[in-house]
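Order as written gives the chain letters A, B and C; numbering starts at 1 within each chain.
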Amino acid sequence: MMRRRNAILPAAALAAAAALGLSACSAGADSGSGGDSGGDKPTTATIALTGTPTNLDFTTTAGSAIPQALMSNVYEGLVELDQEGEIQPLLATDWTISDDRTTYTFTLQDGVTFSNGDEFTADDVKFSFDRVKTDWVSSLKAKMDVVDSVEVTSPTEVVVKLSKPSNAWLFSLATPVGAIFSEDAVDDLANTAVGTGPYAVEKWTPNESLVFETRDDYWGEAPGVEEVTLKYFADANATTNALQTGDVDAIANLQAPELLSSFESDDAYTVTTGTSSGEVSLSLNNQAAPFDDVRVRQAVLYALDKQAILDTAWNGYGSLVATYATPTDPYYEDLNDKYPYDPEKAKDLLKEAGQENLDISFTVPTRPYAQAVSEIVVSQLADVGINATIESAEFPAVWLDKVFTQHDYQMTTVLAVEARDILTVFNDPNYYIGYDNSKIAPIAEKADAADEEGYVDGMKQVAEQIVDDAASGVLFLFPNITVSKAGLQGMPENAIIEALDLTNLSWK
Amino acid sequence: MTTQQVPTPPSQAPRTTAISAPGNASTSAAPRPGKRRLSTTLIIGIILIGLVAIAAIVSFIWTPYDPTQAMPADRLEGSSLAHLMGTDRYGRDVFSAMLYGARITLFVGVISVGIAIIVGTPLGILAGIRGGWIEEVIMRTSDIALAFPALLLAIMFSAVFGASTLTAMVAIGIATIPGFARVARSGTLQVMTTEYVLAARAASQSRFRIAVRHVLPNIIGMVVVQSSVSFALAVLAEAGLSFLGLGTPPPTPSWGRMLQESQQFLGTEPMLAVWPGLAIAIAVMGFNLLGDGLRDRFDPKLNGSRG
Amino acid sequence: MAIRILINLARFAVTYVVATVVVFLFMRLIPGDPAQIALGVNATPELLEQTRREFGTDRPLIVQYFEWFGGLLTGDFGTSYVTHNDISPLVIDRVQVSLILVLTAMVVALLVAIPLGTWAAVKHRNFSGVVIGLGSQVGVAIPGFLAGILLVIVFAVGLGWLPANGWTAPAEDFGDFIRRLILPVVALASVQGAILTRYVRSAVLEVMSEDYLRTARAKGLSKNGALLKHGLRNAAIPVITVTGVQIAALIIGAVVIERVFVIPGLGSMLLDAVGNRDMLTVQSVVMVLVAITLILNLVVDILYTIIDPRLRRSA
């Protein structure tokens, strides 16, 4: 993946680069001394976000806010995903896979340093991968379970042996579990983040802002801005106000599509509505009445006019998918026709199940998307005789505790942002949805071990089975709405993994 | 912490009426001789509250539409004969929601002020009659309660019990108790020095009897004034809590939450904010004016009997 | 007078200590184990145990209370389980923001309310007095956040005169600090100004009806002269009380304005901490808020003692 080239390489950085043997490095950060060829082009950018990280340690703190800020920008993995969802080399220049597809040999980028000055070597890869198993407490750590051993064969070569072939593993290296840490810099991950990325954390003010500065000694091509500030807001209205008055230069992942109209008609702003890996779910507790009955689950799916939900709740932005397989996944298939909007059929199914005039509780996390969909979902369910009572659950604390941990819910909605998460969600009967995975487990296992084609085929079958069983619904696929000043380029259009990649930012 | 002992003219101690001010608003508060008649303040107050009350009562019998029924095809429509105040983002009828919201507003006010009256007034009378360590304990407890405004309590309660109309009402109610305790106590202290109470005590009537026979009838006016003023505060507090997401949860219509939800539409559909904003202002003004008007009638200092 | 102040101080201390116990116990009611919340859903029992030890939540309540209480006294609130940061410096930052915001707003409100209220009282039978009275009624009836939102729409987004939100520390860039302070202060001061105007008006009206004022006038002082000489001191008492009460209520009450204007004040810190179930931070912020309220009450009491000569005897 090419990064933007910056014309000027300050002498200091050049010297440092030479000293470290960075022959491959062809760019450095602009020192901002004023001799910039761009004249009065801004050298900083401020990005507005909602959803504040509580600290900087995603190895022990759940939630997507931390990886969103730090992955790609501060931390890098051996590979990364491009905007189409394809795996591309990053810290690994290339890799070979053995014939039995259990041994991966990575050749590493030479001349890479961490922001604390440490050199990046194969030892750091081993350290980081091993550490996932020993020190991580995030639910993401399971993705490294398949790793049998990590062996350092030379400073720039590392061999990873898997216990069984896995198509999902290499992909997961582009996600937070693949982040490479420096052994000397993991003592206070909550407050300091040291990675090999183009930015270093300059200042971290909890609940307010995170300031990145470009590194002079970055191994790759430097971003087109020197300093990026991530500014955190409690709600979307404040972000658009801040953009309109020039306090911020862009809004990433805008959570209030109704506010877009004033920007779309204004040439001073660029609006992009890309796709994301985030499904706004309608999760049904498969292990408790009444949703332990497949007919009742199906009735709910037939009762929902999802296009109307998308139009009213999110102003029509986003797209409809049937389950946790999204158009950027290789195994995506359009399964929307399985449950067309059919209230009569829903009523019939409810009758069949003996659940006419059903009373259920609907646990709604305190997030804009959830509040927005909840009222229209309740109204549509009422039309078929399901009386859903909304119970607000503070997100994340209460929702995680009640729904995710204790499974104390009947129906809920949540934005599942993790990429390629269909197996995480459904191939585990102990997951909060409690889907009986006996049918998909063998298919999934075979698919993971199969070749590329077999993987895609198998995963398609898995998705279809899940939809047939009405395991849970997806209301819509979350759009990645970005609004930026017309002069600011390089805001990522899609949000395929949690990372908000700011490495391509530049001013026109 | 003894500000409650300070004589604070006019009317009752201001700290009990944190937002609504003493004194009547637009009409004269100066000594006014003659017969008590309904002041303009009182009339306007009663009319405004009447509007809210009628809306609330009507909502029990009839609303043009089910206020929670979404009709996506009709979303974000302006005012029309079919929808007097237009429709919201879900195509729900705003007029129906406004009627229903009046019910919630009054409900929150009645319960929270009710809690405060039932707990605060007897405690205040007790403190005033008994004095001594009982008074000290009651008034110190009241001081502690005063250090926890409704908003702070509501935030703490929502952390423990989750946000709901109930936690909001209880939080507002508890925060309102000290006001009633103080009003009742200072009223009681005044009554206790009157000659007929001194006479009753001399006749060794029981304290309970004195409280019921002499104190209560004499302070009831002050309690009513305090209730009206507290009601206005409760309406504002509920709106603020709903704005923070700590009030009435959806889909039950609440003016505060309607206002909060309308924020996204200020550029395109400003009327969505105007209606609930207006309704809240009407309710708050109504109760404040009622309180002012009643104070004129009940407070002997200001109604012209002096001087 | 000194005795009265000493009594007040003693009451302040007792009230504060009782409040710490109430808050501490109340916080234990909050569902969820801090260790579990911090570690997320896939934590192993051993790790949970270890984290509880680290947090100190495995010890008896009484030990936890006294450690926390000791910390409060020395200004060390401990380290947050969630942010892994020391709480005290953050709280101190936030207190400064809240105090700057609220005190500025109250000063502006008083500057508006004292002349307006006095005018409305003196001219209470005139048109201008009635208009002020009506205006203040409307002012108190408008929710503060609505005032804030409207100000942003008009003056920031619409006219572009001022920033819509955000906060800059005065030491960082004083000009920017002022520009960002204006709208939230106006939002707070418009409501508070209306409240105070009503108090000033009724306090002055009250004073005008007092006997001694008539006596003073009988002695030959002009109406305004009498008002200035004798009235203001008496009118000041309820106004001081309500100002103290309002400042105390606003330190937390400004949270809605902080939300609208994205100001990092104490109220926002409390809401964020509640959202993250950062209990140590919640209870510390609550106690700071309570302390501020109680200190304000104390100050108001002492001011009374100084202003009102009657109280010097009667305490």
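What we mean here is this: a contact is a pair of C-beta atoms (placed from the backbone, for glycine too) under 8 Å apart; a residue touches a chain by one contact, two chains touch by 3 or more.
In this text the structure is predicted, and so the values were computed from the model without any measurement.
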item: Chain contact topology (line, ring, star, complete or other); value: complete
item: Comparison of B-C and A-B by number of C-beta pairs in contact, larger one; value: B-C
item: Most centrally placed chain - per-chain CA mean versus overall CA mean; value: C
item: Inter-chain centre distance, chain A versus chain C - centres from mean C-alpha coordinates, in Å; value: 40
item: Intercentroid distance (Cα basis), chain C paired with chain B, Å; value: 21
item: Rounded Å distance between chain A and chain B, as computed from the means of their C-alpha atoms; value: 47
item: For chain A, residues that touch 2 or more chains besides their own; value: 235, 394, 398
item: Two or more partner chains touched - positions in chain C; value: 31, 259, 271, 274, 277
item: Junction residues of chain B, two or more chains touched; value: 158, 263
item: Sites on chain C touched by chain B in the complex; value: 7-8, 11-12, 14-15, 18-19, 22, 26, 29-31, 124-125, 130, 133-134, 136-138, 140-146, 149, 153, 195, 197-199, 201-203, 205-209, 234, 237-238, 241-242, 244-246, 248-249, 252-253, 255-256, 259, 267, 270-271, 274, 277, 282, 286, 289-290, 293-294, 297-298, 300-301, 304, 308, 310-311, 315
item: For the chain B and chain C complex, residues of the former touching the latter; value: 1-3, 6-11, 13-15, 18-31, 140, 143-144, 146-149, 151-152, 155-156, 158-160, 232, 236, 239-240, 243-244, 256, 259, 263, 266, 273, 277, 280-282, 284-285, 288-289, 301-302, 306-307
item: Residues of chain B touching chain A in the complex; value: 68-70, 72, 75, 89-91, 158, 162-164, 245, 249-251, 263-265, 267-268
item: Partner chain B, residues of chain A touching it in the complex; value: 235-237, 256, 258-259, 261-262, 305, 308, 311-313, 364, 366, 371-372, 374-376, 378-380, 382, 390-394, 398
item: Of chain A, residues touching chain C in the complex; value: 52, 54-55, 57, 60-62, 137-139, 141-142, 188, 190-191, 206-208, 231, 233-235, 238, 241-242, 244-245, 247, 394, 397-398, 400-401, 404-405
